[in-house]
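Multiple structures are listed underneath, in structure tokens.
Next come two complexes, and both contain chain A; in the first it sits with chain B, in the second with chain C.
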Partner chain A sequence: MQSINVYIVKRLGQFFLVVFIGINIVFFVTHATPIDPVEHSIMAAAMFGSTSPEAINMLREALADLYGLKGSLWDQYWTFWKRIAVADFGPSVSSFPTPVSTLIGRAIPWTVGLLLTAVIISWVVGNILGGLAGYYRENRLLKAAGVVAMGLHPIPYYIIAFVLLIIFGYLWPVLPLGGGYQRNMTPGWNLPFIGSVITHGFLPALSLVLVGFGAWFMGMRALVSNIVTEDYVVYAELAGVDRNRILGSYVMRNALVPQITGLGMSLGAIFNGAIITEQVFGYPGVGTLLVSAVHAGDYSLVIGITTISIIGVAGAVLVIDLLYPLLDPRVKIG
Partner chain B sequence: MSPPLLEVSNASKIYAMGGLLSRRRFAAVADVSFTLEEDRHEIFTIIGESGSGKTTLARMILNIVPATEGTIRFRGVDLATIRKRADRLAFMRQVQPIFQNPFEAFNPLKRVDRYLYMTALHFTDARTADEVRAKADRALRQVGLSLAEVKGRFPHELSGGQLQRVAVARSLISSPALIIADEPVSMVDASIRMSIVNLFKALRDTLKVSIIYITHDLATAYYISDRIIIMKKGEVVESGNAREVLAHPTHPYSILLKNSVLSPDPSRRDELLAPQFSSTEKDIAALR
Partner chain C sequence: MSVLRNLAVAASACVFAFSAYAQSSNLPRHETLIVENPEGTIKNPGWFNYWAVNAGGRSTGLHQLAMDTFWYIDPNYGIDGVWDNSLASEKPIYNADFTEMTVKLRSGIHWSDGVEFSADDVLYTINTHMNTNGLFWSAPIQINVASIEAPDKNTVVFKLKKPNSRFHALFTVRWNGMWMMPRHVFEKAGDPLKFAFNPPVSIGPYTLHSFDNNGKWFTWQKREDWKRTTVARYGEPGPKYVTYMDPGPPDKRVIAQLNHELDIIHDVAPEGMFTLAKQSKTSRGWFKGFPYAHPDPTLPSVILNHQNELFQNKDVRWALALLIDIKAVSMASYRGAATISAIAIPPTGTQPDFYHEPMETWLTDFEIDTGKSKYKPYDPTAGKQIADMLRPSMGDQIPSDPKQIAKAFGRGWWKPNPQVATELLERAGFTKRGDAWYTPKGQPFTIRITTEGESRPVMTRAGSMIAQQWRQFGIDAKIVVAEGGNLIFVRAAGDYEAIMSWSVETWGGHPDLSFFLDSWHSQFVAKPGSPQPPRNWQRWSNPELDKLIEQIRGIGFDDPKGVEIGKEYIKLTVREMPVIPLMAYNVFTVMDETYWTGYPNAETDPYTDPVPNWANTKYMMVKLRPRQK
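The block that comes next holds the complex of A and B.
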């Protein structure tokens, strides 16, 4: 038990170190840009009419405080950490005065819902079919699946997205072109709204699944083809274990260990949003938010999104590390 | 008269290589014949260098790789006719393998004792957990281990020698008539090598099992074999009584093989090697 505690503490330490370094980089990079959110807001305010210089100075003072840009760099750094600790990223510059945390909080359910579904479907389907294709190498149906996976994989993602949009949006308009739900609906837990979310999410999810499937399929097939020639598979066959059991508990089980790492990494990257998907399908998620934040020079929003994705990726790595000893007994604990 | 235990007659394994235009045939095993009698429990050794086809031959006898020509019969049954799962299991119960590298033979993610339980469940009448554990323990005791020592352990938690002995124990659970050991000692420490080799001798004498011992190590082959065949490029170049063949090789390859062996310890060489079989006087002088 002692060594397990040491292992967990070590991994937790690693997690906090990665988050700390990542957020430092975010702080220093954003403070090195020439964009000054204070001047940006003052310019926007000044457009509505002439204001006295005293009033502008007062405004400047108040805004600097709001954005955490008061005092020396060291003061700013200290304020920055104090605010991050309570998930306060200040108000958004482009949608002033809505707080950044509100904007991100609004976008995250869309992104997480879409990407979680897409990643899990493509992972499960890709690994099952890929594993079967590696084990039953002569099966025609699985060979065909291999051709599809290999054909889809090298196509740039945005081409697949546009092709789907053209087919199901224009040529055979059965699915909506964009958005997260029908415009005139009020979000709520009712059947029509949920149905609308599913039809709107279908194409973006499908595009992600098609691309993700190829990668998981080919990875798993390669892993399994290597494992079936391992001595322990032949040995198990000679010990009378039947084929289904060998496939499940010798071949797939062993091949899944690296695939689970991959799944964890993909899940961690969810918080980055799927920038291209959300742009193409006009999906109201984190990716869209990030792109518009960059365009509008929305300094605090960029900091907010980046910080959350750093924590997301580092957290996923932490979870995999903690699960790994359960998956692979050879991982040294302690 | 009952049919022989194992009868390999003119068995060949031919692989076709190359593309459509330049097809080359490559014989991994070419026209091999030998017979193991039912009542003469012996250690039958197949010697050869890497690529000589000895592992392919072992896999043909284990019925993993089908022979392209010739037949292999086990107790009168042609292996090519075994198709149904029940028949396969019946065959596997009587012929059990031991592989070269125990670290590759055991699934690294599975506990070692599970292999013993599985084999006991598939190949013996043990049904309850207690019976299965008793079978496993009995087999482990025959190789100088006990269930308490390996229970719940993963392969990486045991030493190579222990793991190889577990593999031997596993092969014993079904009380087979024939054990096929493919280079069982080449991956274990020299210090444990002799204990495993001696274990084979003991199994032959006490449990009345025939063993096909595949190796490239002349010293252990000389030490334990009753009969041997020497293979080169898929063909048997020499066969017969182990001591005679190794003492008086006639085929140029066997002579070369014999002369390339350096005795590990010149003063004790007679215990392991035949006098004529050790290095030349010059080599011994060089060693001193």
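The block that comes next holds the complex of A and C.
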């Protein structure tokens, strides 16, 4: 029992260390960028309209004051950690004075909803088909599935996304070209809205599944191909154990352990958003938010999104570490 | 078989269900104008307080449909002339020394909540900006305004701290202007910097119908009392609904318009325009045929950094200009769809009538004396040559009438002449050894041209072509990329040698040059290392130019002397070549006539700029009419 406690404490320690170092790196990298949010605001404001140089200089002073960018880097660092301690990322500089948490809170359900669905579907489909293909190596349908998986996997994601768009958005326009739901519809927990969200998310999710499932498929097939040559599988077959039972209980279960690790990492990474998916399909989410924050030099928003991402990935690793002993009895503690 | 039949029925049902939910909008399509907002996805969509700097979207329809101010200047010819008195009933009235400006307000204009607009709103707007730092127009108001008073509910008088003959420019829309605030809303809102103004109370002909919480679209609905707004003088706005949306990358914009789901594309690459022209009979640009694009009153140029000692000698600047073949630059950048200009004025709107055409004789006679030879560099047929190059492939789309060619492709440009360039560089102390040029200090003559890469491919392609032409002459020229919007920081910091950008922007419709030229006064040139305020990015200072600017400051906005001073500015910039002007910033705005007619166009009705993020496009709404009932 004591060894389990030590194991958990060690893993928790690792988790907090990773999060602390990650957040520090993000803070210093964002503050080393040459993009000045004040200049960005000024340039955006002065880009088209009538402006006088005198007024621009005055505005520069006022915005630096307003955005709280005066003071040394260490002053800002200290303020930053005080805010992080109470889970407050402060106001977004490029959407001042709207809080960063409001902007992220608005975007993250879309990202999580889309990516969680896509990752789970591609993981389940990829692993089941990959496992079957590795075990029933002579099956023609599964061989064909292997060809499809290997064919799709190396195609750059944006090509697949655009091909889907052209097919279902232009040649056979049955699916919407972009957005999260139908324009001018009021969001709510009702059938038309949910139907609209599913319809608008279908193409982005399909594109992610098509690209994602190949990796799981090939990984699982390779693992199963190795496991089927293990002695215990051969003996089970010679002993006349039902093949489906061998596949489910002897082969797939053992092959799943590294795949679960991969799933955990993928789930943790969904907080990064799917930038290309969001751009191509015009789907809402944190990816677009992050890109626009980087371009605007919006430190607080960049830090907010990346902090959540760091916690997501580190948290997923922590959960996997804690679950490993339960999933695989061969993992020893102590 | 029955399984297959069931599957087919199920698939059809799915497609049917999908199609029902796949409709892009639930508003009647024939009553809705759908427009691209080039700001893209607005990350803070619930923010409509325009007066707080960049806190939310601006060209979401907010400033086109829901804002108003005293005057508008059209970048083209205007719906009823270039100048329009909007919330003001007359032009600005200045006293003799330009220290006082009186504005007569239009009566009978109402906010969308029924409250009448009056001088109280103007007083509130100005006083709020005087008393609050950090609002969009706080600084110019605090610099200029000593006090404001309202002798009656339809008159306001600004007392200025110092003479300013162009103070009204602040309230004159060219893209945007200082909008009026509804006093009755803001005075109850607390801190104006922290008030979201959601939903906005509109003074334009439309009011907010709905918006996407993710910032993808904003829909505006025509006010029932649209007659109580300023555009009512020109008739009823056509569209009942106007949606501004982020349609995504250029390919998707083209697909959306081919599907008739996007009535106005703000801008696409030339190739996208050519595709639409070929595949969609209902799509059209500003020009019905080639070059399609609307030339904005902005002048892309090769901007040379005058704080770099290499470019302080005008002989060097002229030598570089004489190494550029504008025809190749036009083909590389816009695939020939460029409107070129040899002078530092955009060849757009009414500017060619005031400047380009009258200056032709002077330009033709202009001579460069290298000390070894004399050379007349102006080639008045450059635009025609581009048209001739395109005619074999584009056929009848290319005009043959010289006036139409000048309008579409521009007039003349500088004839490339490596020999004269050599003589100018040698006079400046440069030397050529082997195939390479060296500076007077004996260093290799290198030039790095900063471009925006894929963020602005047209300008990047122009920069690449120019670098290639300079390289062929023996200058080590290359482009460097400031990707992702970083160009504006590099430009402001002066951290470049040459940059593909623009420092010349005009009103377009009005010949007054103060819009950009006042900022070129040497009093505003930043020291090396300090940020340069807009728009003298080249950091050029010249005593002769200062005198011209001061002369403009001393005369009224409509004084005919302004055009004469403008011509002196052109002569000075031709002699000095502070920037190398190339062409207008051509915007490939594409309009689909499936649902709407009456768009502005170059041939028959150039009543406004079709580029839909301009606030001036409010006039488009009253000209648009539904194609289908």
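By our rule, the second predicted complex is superposed on the first by the 289 of 334 C-alpha atoms of A that agree within 3 Å, B and C clash if a C-alpha of one lies under 4 Å from a C-alpha of the other, contacts with A are read in each partner's own complex, and residues count from 1 in each chain.
Throughout what follows, contacts are C-beta pairs under 8 Å (C-beta built on N, C-alpha and C of every residue); 3 or more make two chains touch, one makes a residue touch a chain.
Keep in mind that what you see is a predicted model, and the values were worked out from it rather than measured.
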- Query: When the two structures are overlaid on chain A, which partner does A:F281 contact: first (chain B), second (chain C), both, or neither?
  - Reply: second
- Counting residues of chain A touched by each of chain B and chain C, the higher count belongs to C
- In the superposed arrangement, which partner chain does A:Y250 touch: chain B (first), chain C (second), both, or neither? first
- Message: With both complexes overlaid on chain A, does A:S292 touch chain B (first), chain C (second), both or neither?
- Response: second
- Query: Thinking of the overlay built on chain A, is A:P97 touched by chain B (first), by chain C (second), by both, or by neither?
  - Reply: second
- Message: In the overlaid three-chain picture, which partner chain does A:L114 touch, first (chain B) or second (chain C), both, or neither?
- Response: neither
- Query: Just chain B (first), just chain C (second), both, or neither: which does A:L238 touch?
  - Reply: first
- chain A residues touched by both chain B and chain C? none
- Which residues of chain B touch chain A in the complex? 62, 64, 85, 89, 92-93, 96-97, 99-101, 104-110, 115, 118-119, 122-123, 154, 156, 170
- Over in the complex, which chain A residues touch chain B? Could you list them? 230-232, 234-242, 249-250, 253-254, 257, 327-330
- Task: Using the touch rule from the top, collect the residues of chain C that touch chain A in their complex.
- Result: 15, 17-27, 40-41, 43-44, 47, 52-56, 133-134, 136, 138-140, 142-143, 169-170, 172, 174-177, 193-194, 209-210, 212-217, 219, 243, 245-249, 251-252, 255-256, 258-259, 261, 484-486, 488-489, 492, 515, 518-519, 524, 531, 533-534, 536
- Considering the complex alone, what residue numbers of chain A touch chain C? 34-36, 39-41, 43-46, 48-60, 62-63, 65-66, 92, 94-98, 103, 106-107, 110, 162, 165-166, 169-170, 173-180, 182-187, 192, 195-196, 198-200, 202, 279-282, 284, 288-289, 292-295
